[in-house]
């Protein structure tokens, strides 16, 4: 994915964050959304290792060795932050206090099934907190490349990898498109600049519901 | 990034509580009881409430005012021995009381706040407390392991904090903590009162007892009324 | 019970507290043990409303309105005290961190069954924390008058009141005697001054195992 | 009344851990990991250990040293993606790994610390995570409500605290809190390390994260070694 396409995707996904949401950004791509929020945007960022109120990342030399996010990045707290233990942190998650979580994906299915923690036989690191985030946040969006590094579609009719959670994804942002998971399947919402409708259809291994009018670009 | 300001007018906050609501009320005896929020609920007059509180306060204070005002259908509690009015209402059949051992009550509330469904415990297993409750056997273990105790959530929680920042991070003083942290977690909408609302950053993030994601409305009290003093006996 | 008999009982029961124990003293009589401990005795007193490290009671005018014990008495913390919420407080109780609890009783049976929270039809205030204290403390002792105010024995072959916990009491201190709950029944350990062996037998509604030698007085 | 002094020599404290013990180790990544206690356990060489830790640290630090030293039979964890050595040992079949979703791991530990037997959750109910687990139906509710997750206790817990008083009241710094409070509750014997042991009364009782009744031995560290710094990448 070109750095342009990635920026465009993250910038578009950042618009999903409404004021005053409590948001958990998954490790990797999702953390990148932050740079596209206005500096004084009202949002409470939660990380499952025990903080609500994450501020900007800090350089190693300025880092507090006791203060990281779940991905291991050195962070700073904003004013009004709180620290808590892991049991309390997941109490926030499971009791439905997260308005939004943004996750990566190995595969997303047409019904919103998500697989993002295990590729049997090749990569089994454990799910960390992904299962509870995916199952319990009020809104789950995925940011991912549309295809894997071999060009294989990651958006599929049915996942063949072990699921993180069933029927949990609400929206998918990729380098090629924005897709909504609906009761009737995947609705094409927007197309990334430089891609044709046919490009998106070809790169997707699930049927797409096309809008009446030409889908807008982003 | 900035954080929401959750301060609200006491009348507007309590207005959210309709007839028939379930309401958790913090406090163990007087410490930690949100007397002002309760008094506003009395003034408002919402009826057919289910109240969840460790105890029934003492006569003529705290939730006893709700009981006396006929606003409460059911009380879920661990002990009402200091409130003869509550005992009388219960004995007269006009108040349904569900007794729960104190630590089981705390844990049923916390489990709800942790987004879980139930827990299994051997507390009370050999006594009448187990009557009517579902028992659980564990795979590979002979015999009944314990009683299934279900999560106890509520529509609202009324919380008394010593201090809060505008985002709703709460800290409590001494034994006024008691049921407040678990109840703040277990309600669909949590209203906290405090005399001391401070700017963001004025509460050390390491000393927050209830993180703000659990708190929805924050009511500023100009001062503590006489009810907040432990009763002389 | 004369105040002398009561003092003797509490003073004798206080000897059950070994150095560095974590102890919960039930509401009422048990709290009275404190006055018979040396002032610098190493013990951590827990109260289920959320404190470990209780110090002396304080007068109303000096009281911190946020600081009571489970019985509602105004207390002070000693240096090294901690405050915690109710769920954590009962985690201490149920996970077996209490070395000793001292409870009152309506009835104690020969097998250690305890009834102390309900007299059906006359007094149903709820059990508070008694059930978990009785069932989970490593050692449970009862301080009680030997008979109720009508002279009826409180130490019985079988409780007819609803039980707080089964088979939980290790030792009973009364105004007349010290009794141990053993696998074979109640063992008479000591007799209070001024009472004869026959007095104790008459006031007890359960068989007593008598020691080989004359039981010592206290 | 006075309170016990629980300070102990590091070698004497770790000496208590025999072959075959189950050991909980605090920390999420580097913050909160008791590196010095772990290194003493490596030095001591206790074998056939079951280690319970959120993650496997990174290569060549923390519990990876126990893994590399062949001291660990089984690891119960949520994620080992940053430790390629752990993944290799697992794939080679020389290390048994039980994966537990992170919040379920935290709660299984906390439930043990709360003296309870199990809890019921719908987390993972529709996925392979439910395979082989006992499911529970609730009285009066149609269908399977959730999975029974059993309490997870251990013989020992190794804890890193920012500060402790001599009685063992602990406070943690920032995200170094993580699994430490629940693990301190869930072990039969809890050993905490800290560079900062203060006299009784120097920790505000309202700011204690882990109350001393959960702590058995307290090891003073003269200083933090290089391992305590988050690794540069």
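Chains: A, B, C and D, in written order; residue numbering restarts at 1 for each.
Just so we're on the same page, contacts are C-beta pairs under 8 Å (C-beta built on N, C-alpha and C of every residue); 3 or more make two chains touch, one makes a residue touch a chain.
Values in this document were obtained by computation on a predicted structure and should not be read as measured data.
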Self-check item: Shortest contact path, subunit A to subunit C, counted in steps
Solution: 2
Quiz item: Centre-to-centre on C-alpha atoms, which chain is most distant from subunit D?
Solution: C
Practice problem: Could you put a whole-Å number on the gap between the CA centroids of subunit A and subunit D? | Solution: 29
Self-check item: Cα-centroid distance, subunit B relative to subunit D, in whole angstrom
Solution: 31
Quiz item: For subunit A and subunit B, what's the span in angstrom between their mean Cα positions?
Solution: 36
Quiz item: By residue number and range, which residues of subunit B touch two or more other chains?
Solution: 107, 114-116, 121-122, 172-174, 177, 205-206, 209
Quiz prompt | Shared-contact residues (touching 2 or more other chains) in subunit C | solution = 51, 77, 83-84, 87, 90, 93-94, 136
Self-check item: subunit B residues touching subunit D - in the complex, by the definition given at the top
Solution: 107, 111, 114-122, 134, 136, 138-139, 145-146, 148, 150, 171-174, 177, 204-207, 209
Quiz item: What residues of subunit A sit close enough to touch subunit D in their complex?
Solution: 47-51, 60, 63-70, 72, 74, 77, 83-87, 89-90, 93-94, 124-132, 135-136, 162-167
Self-check item: subunit C-touching residues of subunit B, taken from the complex the two chains share
Solution: 28-32, 54, 77-82, 87, 90, 97, 99, 101-107, 109-110, 121-124, 126-129, 162, 172-182, 209, 228-230, 232-233
Practice problem: In the complex, go through subunit D and note every residue touching subunit C. | Solution: 1-4, 112-116, 165-167, 169, 185-186, 199-201, 205-206, 208, 211-214
Quiz item: Which part of subunit A faces subunit B closely enough to touch in the complex?
Solution: 20, 22, 37, 39-46, 51-55, 77-84, 87-88, 90-97, 136
